[in-house]
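Per-chain residue numbering starts at 1, and chain names A, B, C and D are given in the order in which the chains are listed.
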Amino acid sequence: EMTNCSIFLGYTSNLISSGTRETIKYLVKNNMEHGLILVNLVDCLVTTAGGIEEDFIKCLAPTFLGDFALPGKQLRMGGINRTGNLLVPNDNYCKFEDWIMPILDKMLEEQKQESTIWTPSTMIARLGKEIDNPDSVYYWAYKNNIPVFSPALTDGSIGDMIYFHSYKNPGLILDIAGDVRKMNNQTVYAENTGMIILGGGLVKHHICNANMMRNGANFAVYVNTANEFDGSDAGARPDEAVSWGKIKMDATPVKIYGEASMVFPLLVAETFARTFKREE
Amino acid sequence: EMTNCSIFLGYTSNLISSGTRETIKYLVKNNMEHGLILVNLVDCLVTTAGGIEEDFIKCLAPTFLGDFALPGKQLRMGGINRTGNLLVPNDNYCKFEDWIMPILDKMLEEQKQESTIWTPSTMIARLGKEIDNPDSVYYWAYKNNIPVFSPALTDGSIGDMIYFHSYKNPGLILDIAGDVRKMNNQTVYAENTGMIILGGGLVKHHICNANMMRNGANFAVYVNTANEFDGSDAGARPDEAVSWGKIKMDATPVKIYGEASMVFPLLVAETFARTFKREE
Amino acid sequence: EMTNCSIFLGYTSNLISSGTRETIKYLVKNNMEHGLILVNLVDCLVTTAGGIEEDFIKCLAPTFLGDFALPGKQLRMGGINRTGNLLVPNDNYCKFEDWIMPILDKMLEEQKQESTIWTPSTMIARLGKEIDNPDSVYYWAYKNNIPVFSPALTDGSIGDMIYFHSYKNPGLILDIAGDVRKMNNQTVYAENTGMIILGGGLVKHHICNANMMRNGANFAVYVNTANEFDGSDAGARPDEAVSWGKIKMDATPVKIYGEASMVFPLLVAETFARTFKREE
Amino acid sequence: EMTNCSIFLGYTSNLISSGTRETIKYLVKNNMEHGLILVNLVDCLVTTAGGIEEDFIKCLAPTFLGDFALPGKQLRMGGINRTGNLLVPNDNYCKFEDWIMPILDKMLEEQKQESTIWTPSTMIARLGKEIDNPDSVYYWAYKNNIPVFSPALTDGSIGDMIYFHSYKNPGLILDIAGDVRKMNNQTVYAENTGMIILGGGLVKHHICNANMMRNGANFAVYVNTANEFDGSDAGARPDEAVSWGKIKMDATPVKIYGEASMVFPLLVAETFARTFKREE
């Protein structure tokens, strides 16, 4: 049955670093028929800074498969950064710098000349437009008008670039107050909402908190490896969110204790992509 | 021996919700002799929105001890929010609203009249000044000029208040670009740095990323319950940070796999507070 | 390519309580062509007491799907035992008692009259013969001459029955010395060995220890949720087993960090059962 | 207040490999006044094979502190076995063999001549007598008549020795049926019982199962790092045991999610050893 439900999809940055990026891109790129019109499969994305920049960097240079046990000192001396069992050469970040610096210049110019107040979500949409590459999650988010929220967008390579840029060409402002209004409104004005949250930390709390503004999401699926005993929000079961009004009292939320790069493709294959056929 | 080391202390919000707040306050309030002068025990704090607002809310009304298994629906109907095994009544957030709204008005006025560009760290310092209560961690951070960074400060009750305020009295801007410059500079200009990071997610990554700007922290202690197999930054061992230049190659970093509200007081008791004597 | 490899499959009791029992049964029941003959898919099973008795009990009465959060006191008053999210009524254990007691009588008689020294593996084979039910894993193990080792076979309902039986009809001996000889010999005389170990504790250590007798298994797959930081054997990575000679130095063992009832059916589907066709 | 409570202490083998052995020995060696008599601090021990043999081996040669990351291949070539971050040279096991083989000979002789039916608990008591060394946990268990149950005693180096011995001098029987009667009776005839269980797997289930025979322990403390989501008994919360009648419905059991070598010494220091004074 059709529920007219806005889907909020959250994921931590490692899922963009890994091959789960392609599953996320499937959801952002494709749409489905809803009566006579086509609608997006997901309606809002929330991720951390790495979840943004690594998508763009993968358009500029590849990430390599390594091993969790590769020694940090040797990697450092070889100019290789490790993310779990994945390897990203320093040079990738140089390419990213070359690509983003002129964009930061243009953003600052628009701020000065058109009084634009940039927020993380408007900056991400701009980057999605500029990358102009169908491999990018945020290219498709831009094309399909799916907002992407990342309130701590400075916590990663984008932040490094903003830092360097502040010395070369100072003055850029990145406002998070505008984005919290925009994101909360998206839950408040939705008929129904569903939350799909891969991992913990900011991406989990931010989607839940926004849904509290509407007295709770109607549907919720958590996929993560965290446990509740340490009292972290990361490990909190959905029932904790019910107490806050982040999930409705009559919802039937689910927490899957598992590693998202394995679980999420299976979930999508049996739901959003059930009718998908590989092109011949 | 004296190392002239700037300490970056990060912690997730649950540690402020729990009694670990008092251990953190001890470190922010007290100082030590360094030659002829007194210096702070810790030099920089990083936390998430809940790690800020729950400190102030505890100055306005108490948090109660509950149980991880209390049913969410009953709590919701009783107006009680659960954070792990802790309970916070809705009324506490009403008191927080009454307290913070006039401050947001004043901040907006200063923005308009004095062209102040507020950032999370300057807002937190202002809140620490306004609370004027020695029970507050951020009162002491304000008094002792210890910066507190929280780039996603809108992800919690403060964000809710900024959202409501944007309808009553629109226009407040909260800039995160200024803070990343300020925080990165604090690592770059330090003689030595040490990282003490309780929990994962944003607080862990943000301190590590800032220390990459100086080619690595000299000392590092992680305390968390996360594991590396899912590739999250939360669970990454210190050796992953060595590959990035977030920790120096010749450092001897430590990860303690344990629950911070138990581990951290023991750590502080045997280090910073070794000479502490309970007042008679 | 054909490796002429003896497969040692270990699993904790919860996997028999859950639907993974059917995947295990598939491996025990079926065989494959090896040249001109049919050979077993797996060659040795190791599990704990619950992993034995719950298989037989399921032949006598069903297990029900419940929930991890059902309150113990209410269940206790209703005569319902919880195993994770599964429910087993007390009555199932009464049926088990009725079934096994006459078998224990016969075993004791054979001990007295024929000087049989029963071991856990010979007792399990006897129970597999007696149950005479194609739903049972151990019926097929008996039929296909696959030994099943469970050195702590008294640690569960079978132990309770042996305890009660020791008052009704005393004297039964259950010898574990004979089984360790039998199991170690199975590794020593194998051309190659592979270990598939679901979960930790006794089942993991016992298979690894037996393979040390042959200076290491050639292949190893661990599936569990345990971590190494507490120093338990359950969480030890395969590389720890290499130091002991439990896994060969030139092997390429794998540990999958995940919940076996989800992971194992996928593994079997893509390996042993790749050519399996559902009957029309 | 005095509860006249029999304490069942269970622990996995890694705790004997680590320094927690000394805390356990404290509990087994010392006693307390109960009215006019001295009584043991703990009344029953349950552990796995490694938890037995490593105690004796430490009396013969030392264990060394290493690191979790030491490569297995190098250790193997150097004849060093790794247990977590601890190292045990192969030579220690040779010394163990030299020590235990003559004892196995004597045990077999007594079996033949005196019709002794050896069980794990009687074998462990005999080994405790033979080691005659106050550093040993099981020396003190022997001296203080504290039974030690380990139904899978063949799952480790003792099993290897029994295996080798079965070729040199065949016929030794190790009966587990006798021990389950002895252990269950110890719970059934106790006025009250308390369970202290460090780690999961066999040691946890065995103590709980025995206490089911008396309709539940009166007190229970679990210390482990396992979680319930995989349905393992290791991760089961005390409330699951209530459903089985392993813990009484009116008990107030506790599970501590933490690493036992850190948690247990703190627990003992604040309870059993509260009045302990270091000798001058």
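Heads up, the rule we're going with is that a residue touches a chain if its C-beta (ideal position, glycine included) is under 8 Å from a C-beta of that chain, and two chains touch if they have at least 3 such contacts.
Note that the coordinates shown come from a computational prediction; the quantities given were computed from them, not determined experimentally.
K.L.:
From the centre of chain B, which chain's CA centre is farthest?
P.N.:
The chain farthest from chain B, judged by C-alpha centres, is C.
K.L.:
Roughly how far is chain C from chain D, going centre to centre by Cα mean, in whole Å?
P.N.:
23
K.L.:
Where the CA atoms of chain A average out and where those of chain D average out, how many Å apart are those spots?
P.N.:
The answer is 49 Å.
K.L.:
Could you tell me the distance, in whole angstrom, between the mean C-alpha positions of chain A and chain C?
P.N.:
Roughly 43 Å separates the two chain centres.
K.L.:
Multi-chain contacts only, two chains or more: what residues does chain A have there?
P.N.:
Residue numbers touching two or more other chains: 227, 229-230, 257, 259.
K.L.:
Graph shape for the chains shown, where an edge means the two chains touch. Line, ring, star, complete, or other?
P.N.:
complete
K.L.:
Please give the residue numbers of chain A that touch chain D in the complex, ascending.
P.N.:
69, 227, 229-230, 257
K.L.:
Using the touch rule from the top, collect the residues of chain B that touch chain D in their complex.
P.N.:
257-259, 262-263
K.L.:
Can you tell me which positions in chain A touch chain B when the two form their complex?
P.N.:
My answer: residues 12-14, 17-18, 48, 50, 68, 70-73, 75-77, 80-86, 117, 151-156, 159-160, 162-163, 166, 172-181, 184, 199-202, 205-206, 209, 212-213, 225-236, 238-245, 247, 249, 259-261.
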